[in-house]
Structure formats: C-alpha cells, structure tokens
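Listed after this line are the structures, all set down as structure tokens.
Two complexes, one shared chain (chain A), two partners (chain B, chain C).
Here is the complex of A and B:
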C-alpha cells in the first residue's frame, strides 16, 4: 500500500508538471466563462445554457486530460527505460499500475474541483445562490473520468500514446452510443442474433449511467437507486479494466 | 575581424527588421481580412437545413451532451429566424424545433419561442399547434402549452371549439390559473352555445372567491342573457314586420300581438332599447360598464 502511495505521489507530481494539463484547464475555464457570452444569444433561460456549457466543458476537458495524460503514463516509463529502475526495486507490477492510476485520479480530482469552483462561481453570478445539486452531475462526471483513466492506462501498458489515445477515445464514444443498442434489440426478432446483440449491450461500457446533466439542469428527480447502482457499475468496470491492465502489464517483456 | 560589438549591433538590427516585418505582416493580414469581407459572395441561406436529421437520430450522435446540443441548435435557430434576409427561413420551422424538443424534451423555452415565431413571424398556426402539442406531451405538468394553444385558437384563428378544448385541458393541470376557466366560458359563448355558456358563467359566479371575479362573471351573465333576449326579440321584430308590413312602434307591440309571451328585461331589470328604424335591440348600458 505504501509503495502504491509512493508511485501515486510521483505520478501526481509528474502530471502537475505536464503543460498539457494547464493548457486543457485553460480551455475548460475559457469554455465555462464563455458560456456567459453564449447565453446572451438565447431567448429565455440563460442559466440553463450556462449550466449545460459549463458541465459539458468539465466533462469534455476532463476526458481529454484523462486520455492525453493517461495514455503516456506507462509508455513514457518504458520508452525512457525508467521502468527498469522501478521494477528492479521490490515493487510488484500491479502496484506500479495501481500507483499510476491513483496518481492520475488524484490529478483529475484536483482539476475537476478547480473547474467546478469556476463553474459554480459563474452560476452564482447569475442566480445568486450556490446550487449544490450541480455537484451531483460533477461527481458522476468524475466517476466517468476515473473509468476513462483506467482505460487510458490499460492501452498505455501495451501501445503507443497516439494509438492509446485513439482507443481510449473510441471507448468513450462507444460508451455514449451503446445505449442505442437497446433500441436495436427491441426491433430484432428473438434468436441468436438478438442474444448476441444483448450480450454486446451488456458488455460494452454504458457511460450514460454517469450522465445526470439533464436531470440536474432541469431539476428533475433522480431515482435514489440509480445513485448507488451507477457508482457500483463505475467501480466494477474500473476494477475490471485495471485488472486487465495488470494482466497485460505482467505479461510484458521489457528486454 | 568580427568584434563582439558589431555582432551585437547586427543582432539588434535583425531584431528591428523582424519587428518591422511582423508589423507589416500584421497590417497586411488585417487589411486583407477587411478587403475579403467586402467581397460579396453568393449565399444559399438555409439550404442545408433540410439535411439536419430528426432529433431521434441526432441524439445518438451527441455522445451524452443532448442538452448542450439542444442549446446550440436553439441558439442557432434564434439567430436564424431573426434574419429577415432569409426569405424561406420558415419552411422547416417545425422540423428544427422538433429536433430541439427531441434532444431536450424538458427544455421549456423552445416550445414557447418556437410557437411564438410560428404564429407571429411565419403565420403558420399549424406549426405552432404542433410545437405546443409536443410541449404538452413531453411536459404534462406544464399548463402553459395547452393554454398558449387555446389562446392562439381563440385570438388568432377564432376556432372557438378548439379553444374550448385546449382551455379545458389546461384547467385539468394543477397550478393552472383561475382565469383559464373564464377564457373557456368566453370561448363557449363565442362558439354560440349560449345555454352552456350561461351555465358555465353561473357556476363561476357561484364559486367566485373574490368580488372581482364575481363582478366579471356577473357582467358575462348579463351579456349572455342580453344576447339570448336580443336574438329572440329581433327575430320577433322580423316576424312582426313580415306580418304587418312595418316594424313595431315599441317592443310591447310584440307581446300584444303574441309574438313573444312577454318582453324580457335585462339582468338588472331594466328595459332593452329598441330602434324602430333599424329593428335592432340593444341593452341600455354596456355589459362591461354596469
């Protein structure tokens, strides 16, 4: 545990020094602040536009941070041969992967928190109240980022950063499209094909489970059960991906 | 032989030249931008709208940002529909707002603004009803949509039966204001169903919680009774004229000849005013100034 913490700490420090992190944060902040300008163009509720654009900025730039930093984390260690120094020490490969993962999760937590502060400040400037419910949407966006981080690290453990970025981005897009399979299942006649599509539907990530933006923005009720099931789904999927990453990384030969 | 001083001097000159170059380039690109903007280009405004797919399909391509996509299309629509130079901009109005409604069914502004554009700008009442019906179907707790539809039916197309239906629907939604039932009663009156109108206004009068509502209902009851009486009296005047070849000198002549059982009085017990020249009957006072 101590060793995982040490790796996580180093990863956090390393990510902190990455310029791309600040560049993305700058654009995220710009997006959140620019929502005010965009809101001027509307007829009606300006705050709705600000909330939608703000939450989208946090989600999009958070995902970009997770992918662009996460996909380089393990690869860089291998490419620069620093992995030999690390693995020569009494450090299990699983601890290395988990340390990298937790370090980036910590980085993303700090970044998401900073973006949220700016977002809440902009909303406060319009409504003169702190809308705590927005934090529900942000919390689940963060959960989604945690899963994407695991995916980025998985691909980073055996592929180049460019390919890993593409794979992780594909995972993100599939995750937001897979709910459409439900419609296809409904339209298919019972049989092997439908069973296969159903299996695919169950196995593919469903990132819509972490999407509470609409409910939060419109103040719609969220069924209490979905809070717990979404968190558990996120934790399970992340654990599965990390397990896969450890499996792949353990089998890698660096010589 | 090169000296450090001359090298520094050359470096300074190069820097100055570079700055001059940068300034010239900046001035050039600003000037070119302005010149390019002045060139009028052929435009096909709105020609691409019909290719925008239905919201049902578009929402799959928004990757979890359906609300944001709805916002952006709505913002674009506001700018698009407020550009008078685009002659055919209203051709696909319902299609555009259907996309927004499909992407974010709980986004309220597009329903109201879309219907407003349809009625006031596009003069397309059908599109307005379609947008408002969608608003009502997607937001069964919002009374504003059937109310707005009823208002359009009442004021714009003067389809009083349709207005009555919409107002009746509005009244069933919790939170609907009290005046909706008065609008419904008025629509029934304008539809020509005077019997139901009398009963409806009487019910409103009897249930009125405040004096203002009581007074409004009373004025309408006065108007409904006056309309019923006037119709009957004017018909009797016409029958009298047919029978005797001249109009009656006063309304009592109608009772004396048996054309009416008795000459009715208005709700306040006052006589109706009769004009023998035109044969028209009216109240002594306006129903709204009693």
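Here is the complex of A and C:
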C-alpha cells in the first residue's frame, strides 16, 4: 500500500507540474464564467443555461485533462527510462499501474473541486443559494473521469501519447453514443442479430450512465436505484479496464 | 558460500524492424556470482550485458532459462528486496531534489520516516552530494546524477548491488571515489555485480569476471586464474644512445629527445641491454616488466571470438 501511495504521490506531483492542466483549467473556468454571457443572450431560464453550460464545461475539460495527461503518464516513464529504477525495486507492475491511476485521479479530484467551486459561486451569484443537487451531477461527472483515466492509462501502457489520446477520445465518443444501441435492440426482432447487438452494447461503454445533468438542471426526479447502478457500473468497468492495463503492462519488456 | 546470483541457460531474442526479424541477444548464458564477491561482467558494446541485467531485474522476460537471486526466483518482486540497482545513464524525476528522490525510493522499499531520516543524510554524505541535496536533479551534472543514482541504489542497505557502468561519465577524481565506495561494499560483505568498459578499474576491484561476447559467456573465472604472472615483455627506457645501438636486442618503439623506449621480448636479453647501456656510458631511465592484464585477455578473447 505504501508503494502504491509513493507512486500516486509522485504522479500527483508530476501532473500538477503539467502546463496543459492549467491551460485546460483556465478554459474550463472561462467556460463557466462565460455561461453568464450566454445566459444574457439566450431567451429562457437564465439560471438553467448557466447550470447547463457550467456542468458541460466541467465534464468536457475534465475529460480532456484525464486524456491528455493520462495518456502520457506511463509512456513518459518508459520513454524517459525512469521505469528502470522503479521496477528494479520490489514493486509489482500492478502496483505501478494502480499508483499512476490513483495519482491522476487525485489530480482530477482537485481540479474538479476547483472547477466546481467556481461553478457554484457563479450559480450562487444568480440564485443566492447553494444547490446541493448540482453536486450530484458533478460527482457522476467525476466517476466518468475516473473511468476515462483508467482507459487513458490502459492505452498509455502500450501506445504513444498521440495514438492513446485518439483511442481514449474514441472510447469517450462511443461511450456517449452507445445508448443508441439500446434503442435499436428494443426495435429489433428476436434472433442472432439482436443477440449480437446486445453483446456489442454490453462490451461497449455506456457513459450516459453518468449523465445526470439534464435531470439536475431541470429539476427532474432521479430514481434512487439509478444512483447505485451507475456507481456499480463505473466501479466494475474501471476495475475491468485497470485489470486489462495490468495484463498488458505485465507482458511488456523494457528494452 | 551461497550464490547471490545464479543464471542458468538464459536466452532472449527480440523481434526488431518493420518486417520483424528475430535477433538472438542471449544465447544460453550460465554463470553465478557468489555471496560477498565483487564480480565484473565484461563485453564489447551489444554483447548482451545490459540485457542480462534487465532480465535479472525483471525488466525483460527471458525466453528460456532461470535466474535466482539469493536462491529465490527473480520474477517475484520480493526477490529484489535485498538488491540495489544503478542503471547506465540514470534517469530520474528531474524536478525532485536528491533528498526528495531518496525519500521516494525509501518509500518504495517501505522504509519508515525515522529510518529514512537516518539513512538519507548518511548516503548523501557517502556519495558526496550533501551540499547539493536540496537542488533539483535537473541542475545536476552527469557525474552528480551518477552519484545520486548510487545513493538510491543503497537506500535499502542492499546485500547485492548491481551497477551498470557505474564509472561512466565520471571525472578521474569521481571515478576514484566511486571505486573506493565499491571496495568498501566488499569490506561490508556486500555482493557487487557490475559492468564497466574501464578494464583497469575492474582489474583493481573485482574478485571474478565473466566475459560475454555475442550473447555467450566465453570466459569466466577469478582474476588470479585468468591473468598469468608470465612476463610478456619488458619496457626499457634509455638515454644517451641511438636506437640503432639496440638492433637485435629489442624493438625500438619510440624516440623522444635522446630517450629511446625499447620493448624487449626475451627476458635473457634484458641483461644484455642493461650491460650495453653501462658499457657505452648511456643512462638507464626505467625498466618495467609487463605482465598480462585484463585488457590483454579481453582484447584477445573478443578478437578470437
């Protein structure tokens, strides 16, 4: 546990030195603040526009942080050969991957918290009240970021940062479009085709499970069971991806 | 005494290139390093020295063969607990200071704060980095990085120290200091396994050596057994006489001013040269018999293989 903590600590230190992180944070903050301008220009409930744009900024820039930093994490260690010194210690390769993952998750937690503080302050400026329900949407955005971090680390363990970023971005896009398969399954007649589409839907990620933005912004009810099933889905999928990353990483030779 | 490292029939090949072609790097390596000895692993560039070390440390998975560290299979991370490693051209997190970096490596070995507090200043002092301990590593010279690398390799007070080219990039003074540290390891009962291109250093500090050429061990043994005491030739420097005076006695290698350097291969002729110098009122500047060195054995072995 101490070894995982040491790797996580060094990863956090390294990630917080990355300029991309602050650049993305700046744009996220800009997006959240600019939602006020959008609200003025739009006909309708201004507060809803601010909440919608604010949550979308946290989600999009959070994902970009996870992908752009996560995809370089393991690769950099191999490229700069720092991995030689680390793996020559009594460190399991799985501990290394977990440490890297937790270090970036900690970085994303700090960044998401900072973006949320700005977001809540902007909402407070309009409504003069702190809306706890917004935190639910943010918490599930964070759960999605955790999963994307695992995906970025998986690709980073065998590919270059550019390719890994493309793969991780594709995973994110597929994840937000795969719910369409569920609709197709409902409309298909029973048979091999439907079974195949169902298997495809099960294998592909469904990141809409973490999207509570609409419900939170528009005050729609959320069935309590969904909270639990989404958390379970996120935890299981993340564990599966991390398991794959460990498998790939364990088989690698560091020449 | 038990074996600190035991390598048996180690084989490794890589598939390289756009159209993958298999290249066999290690072709059945077998040797052992006894506990408490200083073992030199020599070979020309590309012979497979670093690949052997990477297999030993679990950085590369061998195709075949077995490696044991103090009797434990090398694949288990636990086998690396009594081991310290200094890579060739060490690369570290350059934004950390040497003190922070040592604390990080201490954490990887599960050392407590009190232990680290005692060991880190001692190690920084040992490798001569006490005054630069709080500078980020990116400001270090190559030699300083090598010293920081040596310090991190010792953080767990290892029983076995593996050093890949530890004297590379060091100035003569630094080389002597590191050499002295390695000699001290021996006094402390540590086993040292190291590679170096500087054969003089290996000859000075190693008990045994193995020479690897083209992925095969071609010579292994104690330096005493490998290097014969036989005089190869005698170098004689004389002044006051022309090189022509020694025709038939020895080979004139160079002339500087009135000094002539001769190589006399036949030991019986050495006395004749000395007598000639005395008779013709010349001056004998120096006379040194040259016995076989590790370099001779290395060059001979590599050329023949």
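The rule is simple: the second predicted complex is superposed on the first by the 255 of 255 C-alpha atoms of A that agree within 3 Å, B and C clash if a C-alpha of one lies under 4 Å from a C-alpha of the other, contacts with A are read in each partner's own complex, and residues count from 1 in each chain.
The working rule: a contact is a pair of C-beta atoms (placed from the backbone, for glycine too) under 8 Å apart; a residue touches a chain by one contact, two chains touch by 3 or more.
Here the structure is a predicted model, which is why all the values come from computation and not from measurement.
Trainee: Which partner does A:131 reach: the first (chain B), the second (chain C), both, or neither?
Mentor: neither
Trainee: A:45 in the overlay: touching chain B, chain C, both, or neither? Say first, second, both or neither.
Mentor: Touch status of A:45: first partner only.
Trainee: Thinking of the overlay built on chain A, is A:18 touched by chain B (first), by chain C (second), by both, or by neither?
Mentor: After superposition on chain A, A:18 lies in contact with neither partner.
Trainee: Check whether A:82 is in contact with chain B, with chain C, with both or with neither, and answer first, second, both or neither.
Mentor: After superposing on A, A:82 lies in contact with chain C but is clear of chain B.
Trainee: Both chain B and chain C contact which residues of chain A?
Mentor: none
Trainee: State the interface residues of chain A toward chain B in the complex, per the touch definition above.
Mentor: By the definition above, chain A touches chain B via 38, 41-45, 48-49, 52-53, 55-56, 59, 172-173, 176-177, 180, 207-208, 211, 213-214, 217-218, 220.
Trainee: Looking at the complex, which residues from chain B come into contact with chain A?
Mentor: Touching chain A: residues 60, 63-68, 71, 74-75, 78-79, 104, 106-109, 112-113 of chain B.
Trainee: Provide the residue numbers of chain C that touch chain A in the complex, in ascending order.
Mentor: The contact residues of chain C facing chain A are 14, 54, 57-61, 77-81, 83, 85, 87, 89-93, 95-96, 104-105, 107-110, 149, 152, 162.
Trainee: Using the touch rule from the top, collect the residues of chain A that touch chain C in their complex.
Mentor: That would be residues 2-3, 5-6, 9-10, 13-14, 17, 80-92, 251, 253-255 of chain A.
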